[in-house]
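Can you keep this structure in mind? I'll have questions shortly.
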Amino acid sequence: MENGIDVERVAGGIDVLTLRGEHDLSTATDVSRRIESALESATGLAIDLSETTFIDSAVLRVLITAQERAAERGAGFAIAVADSSGHGVHRLLTLTGLDAKLATRSSREDAIAAAAPA
Amino acid sequence: MVTVSERVEIEIAAAAPGVPLVRHALRGLLSGLDVSDEVIADIALAVTEACTNAVVHAYPNGAAGTITITASHVGGGLSVTVRDRGRGMSARVDTPGLGVGLPVIAAIAQSVEIGSPDGGGTEMRMRFALDGPAG
Amino acid sequence: MVTVSERVEIEIAAAAPGVPLVRHALRGLLSGLDVSDEVIADIALAVTEACTNAVVHAYPNGAAGTITITASHVGGGLSVTVRDRGRGMSARVDTPGLGVGLPVIAAIAQSVEIGSPDGGGTEMRMRFALDGPAG
Amino acid sequence: MENGIDVERVAGGIDVLTLRGEHDLSTATDVSRRIESALESATGLAIDLSETTFIDSAVLRVLITAQERAAERGAGFAIAVADSSGHGVHRLLTLTGLDAKLATRSSREDAIAAAAPA
């Protein structure tokens, strides 16, 4: 799968950031920048990992920061971790206990719905 | 007696773009063996964390350096060594990382040995089971 | 060939009061050898961190358990193993600790091996130099 | 050296907490409690490690929290790390880089002076 970071604005002013393929230290700064700029104007942010085949702790750190920043700005936030997400994505979230701390949903659609500001 | 059937050595510059290259090379090695996707994912994660640590911590202030990764298929397992020639293990509280790299490696690998090789730097030697779920 | 001249085995309940006992026993062992105060302080620190980890992380929710510490004076060095029979290495971000235990151990010891022994739990095997400053 | 935790109120409403001997997980909770109760009424807190022969990262964590709490309450804060402090005390502070983050002074007297609120 081609690696990529896409951001799309959907209904209600919510930005959906899709991470395709593998992400690690070599793309973490890009991911972080795209998140920061999305949060400048979006009412909510959904991060879609359903097409993500790999993430490491450098990316996980960016996701945690994203959730904190969204909360600070009163923006909604959710992450989609689906059956189609890579084994390693599930494994890292379980090992670190972040499956319980990050606002995860099991599909892109559910994450977008959950990213509407409260 | 142990039979070494496969051995890969990779040298990368100690910088972020090298990290996925190592992972891809390892997957290539493992794809020729009868290993489950779960085990491959686990090994990819642990080795990525070790390489990331070498990139982030071994050479402070962006100093240039190299990282050498050796993978060998030994008996029923895989042994992967990640070695840098940087400043040696540090233990500073002000790390830019999440702090779960070493624990993730230790949780996934059957064993991990962290040593200070002659010539300086840090060597991390991980052993993985290849049959069934890793760890 | 390696000569084992001294060997100490200590078993403590996995609880905070055991931690200083281990340190005192180790100092006792080392006081009979020609080792500098700096090296003794370093070993005391690394072994304390390993024992503390076993107490804090191995047995969740205050479950009862034991920790076995073995120290042997091997060749010119000291080998110390801290073994629990707890839940195995975890890698959770919500640790109550400062997160510098493993790095401190790895920075002080010549090498540290973290493994998952048969029967469960975690085994941490540290090797220390006894001549000159440790590490 | 006998282990101990002493708290003494000195001039200017500053509390001086003296850690004697060895401190680790087995005393960290006590140390933390004594600090919390000192910070309830003191104008400043000096922690004297000049007679401390050993501390580990469990105690270090208590010291970091103490410095943060003091700052939150507008109380002064300083830690005495002297030549007489144990090797391990110096070593742990250097290894972790906390010698630079914690307000350390090289004697009990200097720490008390530095613990006066600004």
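Per-chain numbering from 1; labels A, B, C and D assigned in written order.
We adopt the following convention: a contact is a pair of C-beta atoms (placed from the backbone, for glycine too) under 8 Å apart; a residue touches a chain by one contact, two chains touch by 3 or more.
All values reported here derive from a predicted model rather than from experimental measurement.
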Checklist entry - Common contacts of subunit A and subunit B? => result C
Checklist entry - Roughly how far is subunit A from subunit C, going centre to centre by Cα mean, in whole Å? => result 39
Checklist entry - How big is the gap, in whole Å, between where the Cα atoms of subunit B centre and where those of subunit C centre? => result 24
Checklist outcome for this item: Multi-partner residues in subunit B (2 or more other chains touched) are 90-93, 98, 100, 104, 107
Checklist entry - Going by the touch rule set out above, which residues of subunit D reach two or more other chains? => result 64, 95-96
Item to check | Chain contact topology (line, ring, star, complete or other) | outcome: other
Checklist outcome for this item: One finds touching chains in the pairs A-B, A-C, B-C, B-D, C-D
Item to check | Residue ranges of subunit B in contact with subunit D within the complex | outcome: 90-94
Checklist entry - Within the complex, which stretch of subunit C touches subunit B? => result 88-93, 98-100, 102-104, 106-107, 110-116, 122, 135
Item to check | Parts of subunit B lying in touch with subunit A, wherever the complex brings them together | outcome: 16-17, 19-20, 23, 37-38, 41-42, 44-45, 48-49, 52, 55-56, 97-98, 100-101, 104, 107-108
Checklist entry - Quick one: in the complex, what on subunit D touches subunit B? => result 64, 95-98, 101
Item to check | Contact set on subunit D toward subunit C in their complex | outcome: 22, 24-26, 28, 54, 56-58, 60-61, 64, 86-88, 91-92, 95-96
